[in-house]
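Next come the structures, one after another.
Look at the two complexes coming up: subunit A is in both, with subunit B in one and subunit C in the other.
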Partner chain A sequence: MTKWLPLLVLGCCISAQADLVPVDDAALGEVQGAGLGVVFENFAFEAGESVSAGNRLDISGITNSSGQPVVLGVSQFYIAGSGSNQGANVIGNPVNLGRLAYPFNLELVNGDVLGISDKAIFEFTAPSRLIGQSSGNDSMLVLATENRTERRFPGLPVATGSRVDRVTGIDTSVLTSREGERPDMGVRFDVNVSGTTTQSLQSHITGLAVDGSYVRLWGDNNEMIGNLGIKAVADSLTFFACNEDGNNCGDNVVFTDFIIESELGSGEDQPVTFEVDASGNFTVEVGSIAGKSNSFYQNYYNNGPRTDVYIGDVTVAGQSFGSTTISNLQIQYLKATSRDL
Partner chain B sequence: MKALILSCALLILPALALEPLDSQALAEVTGQGGVYLSGDLTINDTGGPLNRDGPSQNGYSWQTACGVNTTDKRCGGRIAVNTDQSGGWLVLDNIRGRFAFEGLTLTTRRIDSGFDGDGANFNRDVMEIGLPDQLDYNDVSFTIANSNAPRPTDAGFQQTDIMTLNINGTVNQQGNVLLFPTGAP
Partner chain C sequence: MKAVVVGIALTLLAAHTHAKLEPIADEELSQYTGQAFLQIDNNNVGNMDFTRFTFGMDVETLLTSDLVELGRYERSGEPAGSSDIRINDFALGSINADGSINPFKIRDPFVELAYETVGSGANAQENLVGVRLGFGEAFGKLTGNIEYLTGNIEVEIYGKGSYLASQMSCSWWDLVCAGAKGLVGGTWANDDFSAQAVLINPSNGEPDGIRATHVGMQDGQTLSIPNGSGFTNFLLGIFSSSNCELLNVQTCFPLSIYRTLDIGNRDTGAPAQGMFMSFQTKTVTWYDGGNGTNATQGAFMNIPNGGIRTSFQEAFDGTERVRTKFLDPYYD
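Entry: the complex of A and B
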C-alpha cells in the first residue's frame, strides 16, 4: 500500500491541476480518424408523385420579371434503378448506391496527405475512381493531343506546347460503380405563376455516376474554406416541356454520354469560400492565384484544378448536333455575390 | 403423465445453480438484434417559444398568433450558421410542420456474401438502417435565407429569403442504408 500511496497522491495532484487546453491547428492536423462508409442498398426514392392525392413539394419565393410570384411545384422527384422509364417504374426498381469496397465516405483526414499542411480536413467523398486503362489517369476522357508551335499571346515569343485536340473515347474502367449501380434520376416541375399552372418541365437522367466527387472543408483565419470536386457521368440527360396538365409534350433535347469533371480550388493556394457577407448577401469565391511564384504557376497549369465537359451527342427533336467539348478550363479567380432585389 | 413429469422437471430447474458461461460459449450466442421505430414529429406547428416569450426591443413585437398557414418568421425554428467570423449567416428559417414515419429499423448485420462479389471480401459487420416505406409530411416547410445577424432581434437585422420549400403528402422509398467504419484510425 505504501508503494501506491505516493502514486495516488500524485494522481490527485495531476487531476486537480489539469486544465483543458485548446488544440492548435498543427496538433489538430495530425488527427486522422476512421471514416464512416455509407452504402445505399436496394434504394429507391420518390417524392411529390400523385399531386391529385394531395402530395406537394413546392419551391416558392421566386418572382418573375413582372413581380408575380412563381411557384415550382415538384410533381415528381425520383431516384431508381436503370429502366425507370422516366419515373414510371420507381418503387420496386431499386439500385445500390456505393459499394462495400468503394462506399460514400465521411472522414477527418490529415491535411498533410492532401497537401494542406497542419490542418484537419473534413472530407466527404463519393465512391473513388481508378486509373483508367486507356485514359491513363482518373479522367474518363481519352484525349488526343497535338504539339503546336505558336504565340501564346499577341506580341509574346513563339512557344511549343501540347494541346488537347479532341476526345477520342470514354474510359469507363475509371469508375468503381458498376453498370447496375448507376441510378436513374429525374424531376418534373410544374411552373405556377400567380396561382395558375402554366407549363410542366421535365428532366430525366439515366445511368448517373458521381464517382470521384469530393467536398473538403477546413478552417483558416476564422473562416470555413474548402475545395470541391464535381465529377459526374450520365448515359443520357433528357429535357422537355409539356402543357400544364403534363400532356402535349414538346420535342426532346437529349445529351448523350454527358461527362463533367470539374475541380474548384487548389488546397490552401486557391481556397473556395461560401459565405454571407456582413450585409447579408451570399458570396461564392474561388481564390485568386495572382502574385504566386513561377514554380507554383508551372505546377498549377500542369496539374492544377481544371474543368472538362464532354457531351457525346446533342440531339434536338431527333436531329443530331454532334459532340461538344470544353477542355482545360481553369478558373483562376471567381467571385459572385447576390444582391437583394 | 408425460406432461406431469415435464412440469415436475420445470419446477426443479429453478432450484439449480446458475452456471457462468465461458467466453467461448458466450461467443456462440446470437441474440435477436434490432430496433423497429415509428415516429411522429411536429416542429413549431402553432409557433415556438419566440412568438410567446420573445423580447420586444428593436421594434419587434414577438407575440403573435401562429396558425398553421402563417409565414411569420417568429413562428418557425431557425438554424443560423456562420462560416466567417466577420461575415454574415447562412440561415434555415421558419422550420415548421409535422413529419411521420412507420417502420424505420436499426440493426447490425454480418455481410459475407452477395453484393456482386463484394460481400465475401468485405466479411464484416455493418449497421443497417432500414428505411421506412413511407414518410408522411404535413405542411412541412423551411426557408433558405442569408442574414447579417443570427437572430431577428439583433440590431440592424436584415435577411434575404432565397426560397421556401413546402412539402405535403407522402414520400415513398425503399432500401437500407449501411454504415461501417473505413480507413485505418
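Entry: the complex of A and C
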C-alpha cells in the first residue's frame, strides 16, 4: 500500500491545487510549529581509507594563476566517538549527536518571539546552551576586563568604560552536550596541479561541540535574510602534512581548547543577506548599523552580536606558542562581493 | 523508487502552483562565470612548498574588537607576560563626521600554507611550518592601542624641511648641527624630505621586529630629498641616525602614540600590497610577486614599504584615533 501513497499524494495535489492560496508574511508570522528534533544515536561515519581507490571527493573546475587545472581532493572524512585515534578507530566507536532533551532542531518560529515582527522564521538550531556557572552567560569564555586609560590624542579626555583584557578560564557548564555527545572528526586534503600532487594535509578534531549554534532565515523584499550563530568548541585541533601517499607525516601542529563563538547579524536591525547577480558572482552583506538611535547603539555595543575566538595553546613538536585571543569583535558593516580572478 | 515517485509528485505540484519559476537553459547557465573566484597555486622554493588559496573578492568592512592578542607565551629576552602581537580597542575602518561609514577595503584575500621537506628520498618528511592570511590589496584606517607588535612594518615619513628644522634643537657649541639646521630650515625649507622607519629597539637604535614597542629610524639611516640633486642627497647622507637621534632630533617613537594608521597612500588612494598576518613554527620566507619577506617564528604582521606613509608632524606628535563606533568611548 505504501508504494501507492505517493501517487495518492500526487493525485490529491493535482486535484486540490486550486485551493492553494498564498499566505502573507503577517499570517505566516503567527505560525509557531512544534518543530522537528533530530538525534543521531550510535552514529559513526567513515568515507573510506583508500584515497587512490577513489574514496574521495574531487572538486574540479579550479585553476591556478597560470590557468592550469587544479583538483582539490577531500577524503578520509570521518565522524566517530572519543578516542578515534585520528581516524584509526571509527567503526565500532560511535557517538551520539544530540539527545532527546537537547536535540538538533528544525522549526518554523513566530518572528515576534525573536524580535522580527510579522515574519515566519525558519530556524535550525544545535543543542542549546545553559547559563555558565563561571561566565555568567551562555559564553564558555570567562573574561577579565580592564578600564581604558588611553586618550585618542594627547591633551584630550581619557576614554571611558572597560574592555576585555584576557581570558581567565573556560566554562564547560555552558554545554548541554555530554562527553559521549562530542564527536571526533577528521578530513584529508590533497591539491593536484596538472596531475601532480606534492603533499597532503590532514586535520583532526577531538571533542567537538556546536551547542548554541543556529541559522535563522526569512524573506523580505525578494531577498533571503538571515542571522547566523556559529559556536564551536573542540578539545583539540591537529594539523599535519604528509607526502602525496599520506605517509612520512611531519610534526603535529596542535591547537588545544579551541573556542569560537560568532554571531552574524541582529534580527531585522542588522540583517545578513546573500545575493547572486546575473554574472554568477555573489554578495554577502552584514548590514550597516549607521543611522540608528542612541538607545539602539547602547544596546548593540553592550549586548549585540559579537565574535570571540580563543585558542588555549598552540604547540608544535612539543614547543608552545601560547594562547591567542580575539575578543568582542563586532562587525558593524561588511560587504563581500566575489569577482573573477 | 518511492523517492523517485515522490520527487515526480513534488515536481508536478511545484510546476502547477509556482508558475513563475522557470528553468535556466544550459546555454544560459554556461554564461555564468562566478565560479572563477577561487584560485589555488602551488609554488616551490628550495625545500619549501607553498599552497595558496586566493579568493577573488572585494571586501569592505567596519569592525571593532576589544582585544587582538596573538602568541602570548614566554619568549627569551622579552618581558614576562608579553605577546607577539597585542592590540587593544582594535578597529578596521572608521566613521565620518556626518555619521557615514568609511570602510576598510580589501581585495583578493588569500590563505597560504608553507610546507618544509626534511630529508630526502623515501624518508623525506613533510612538515607544515607556516600559515598566513594575506590581502592582495588593503586600504583604509587601522586603529588600536598597540602594546606589542612582531613583524615587518616599513613606514615612509615625509615632510617639509621647515617643519623638520623646527624640531632640531642644537646646543650653542654644536656648529655642525647649527649649520645643518640652517640648511634644512633655509635652503631646503620647502623641499620634501623623506625617511624610512621600521620596528626598532629604542635603547640602541637597532631594528627589532620581535614584540616591538617602538618604531623609528635604524642606526645608519639617513634623510633624503627624493626630488633633490645628487649633491644635496650626498650632503644629507653625511648625517645618519644613531641611537635614535639625528642632528639632535629624536628618531624613535613609541608605537602607542599612533592611534590610527593609514594603510595605503591616503593622498593618492593607492592601496597597500603584500599586507599579511602569519604564524610560523620557524622562520619562513613568504613570497609576493618575487619579493620575499622573512617572517620570524610565532605570530607576525607584515606591512611592506609604502604601506604606511606619515608626516614628520605625525611621527613626532602621534596620530589621533578616529571614531570607530557610533557611541565611541574615545569621543562620547
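Keep in mind that, in the parts below, the second predicted complex is superposed on the first by the 303 of 341 C-alpha atoms of A that agree within 3 Å, B and C clash if a C-alpha of one lies under 4 Å from a C-alpha of the other, contacts with A are read in each partner's own complex, and residues count from 1 in each chain.
One rule holds in what follows: a residue touches a chain if its C-beta (ideal position, glycine included) is under 8 Å from a C-beta of that chain, and two chains touch if they have at least 3 such contacts.
The shown structure was predicted, so the numbers you read here are calculated from the model rather than taken from an experiment.
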item	value
Contacts of A:V164 with subunit B and subunit C, given as first, second, both or neither	second
First, second, both or neither for A:S338, with subunit B first and subunit C second	both
First (subunit B), second (subunit C), both or neither touched by A:I326	second
Partner chain(s) touched by A:A144 [first = subunit B, second = subunit C, both, neither]	neither
Touched partner set for A:S279, first subunit B, second subunit C, both or neither	both
Touching partner for A:A88 - first (subunit B), second (subunit C), both, neither	neither
Contacts of A:A44 with subunit B and subunit C, given as first, second, both or neither	first
Which superposed partner A:V113 touches (first subunit B, second subunit C, both, neither)	neither
First (subunit B), second (subunit C), both or neither touched by A:G61	both
Superposition-derived comparison: subunit B or subunit C, residues of subunit A touched	C
Common interface residues of subunit A - those touching subunit B in one complex and subunit C in the other	61-62, 276, 279-282, 338, 340
Residues on subunit C engaged by subunit A in the complex (per definition of touch)	1-2, 5-6, 8-9, 12-13, 16-17, 31-42, 44, 49, 51, 54-73, 83, 88-89, 93, 95, 99-101, 103, 108, 113, 115-116, 118, 122-128, 145, 256-257, 259, 279, 281, 298-299, 317-321, 325-327, 329-332
Of subunit A, residues touching subunit C in the complex	2-3, 6-7, 9-10, 13-14, 17, 20, 61-65, 70, 72, 148, 150-154, 156, 159-161, 163-166, 191, 193, 198-199, 201, 239-243, 248-251, 253, 276, 279-282, 288-292, 294, 297-298, 301, 314, 316-317, 319-341
Touching residues on subunit A, where the partner in the complex is subunit B	32-50, 53-62, 90-92, 94, 96, 99-101, 103, 105, 107, 178, 180, 222-224, 273-282, 338, 340
Subunit B residues touching subunit A - in the complex, by the definition given at the top	83-90, 111, 115-116, 118-119, 121-122, 126, 131, 143, 146-148, 158-185
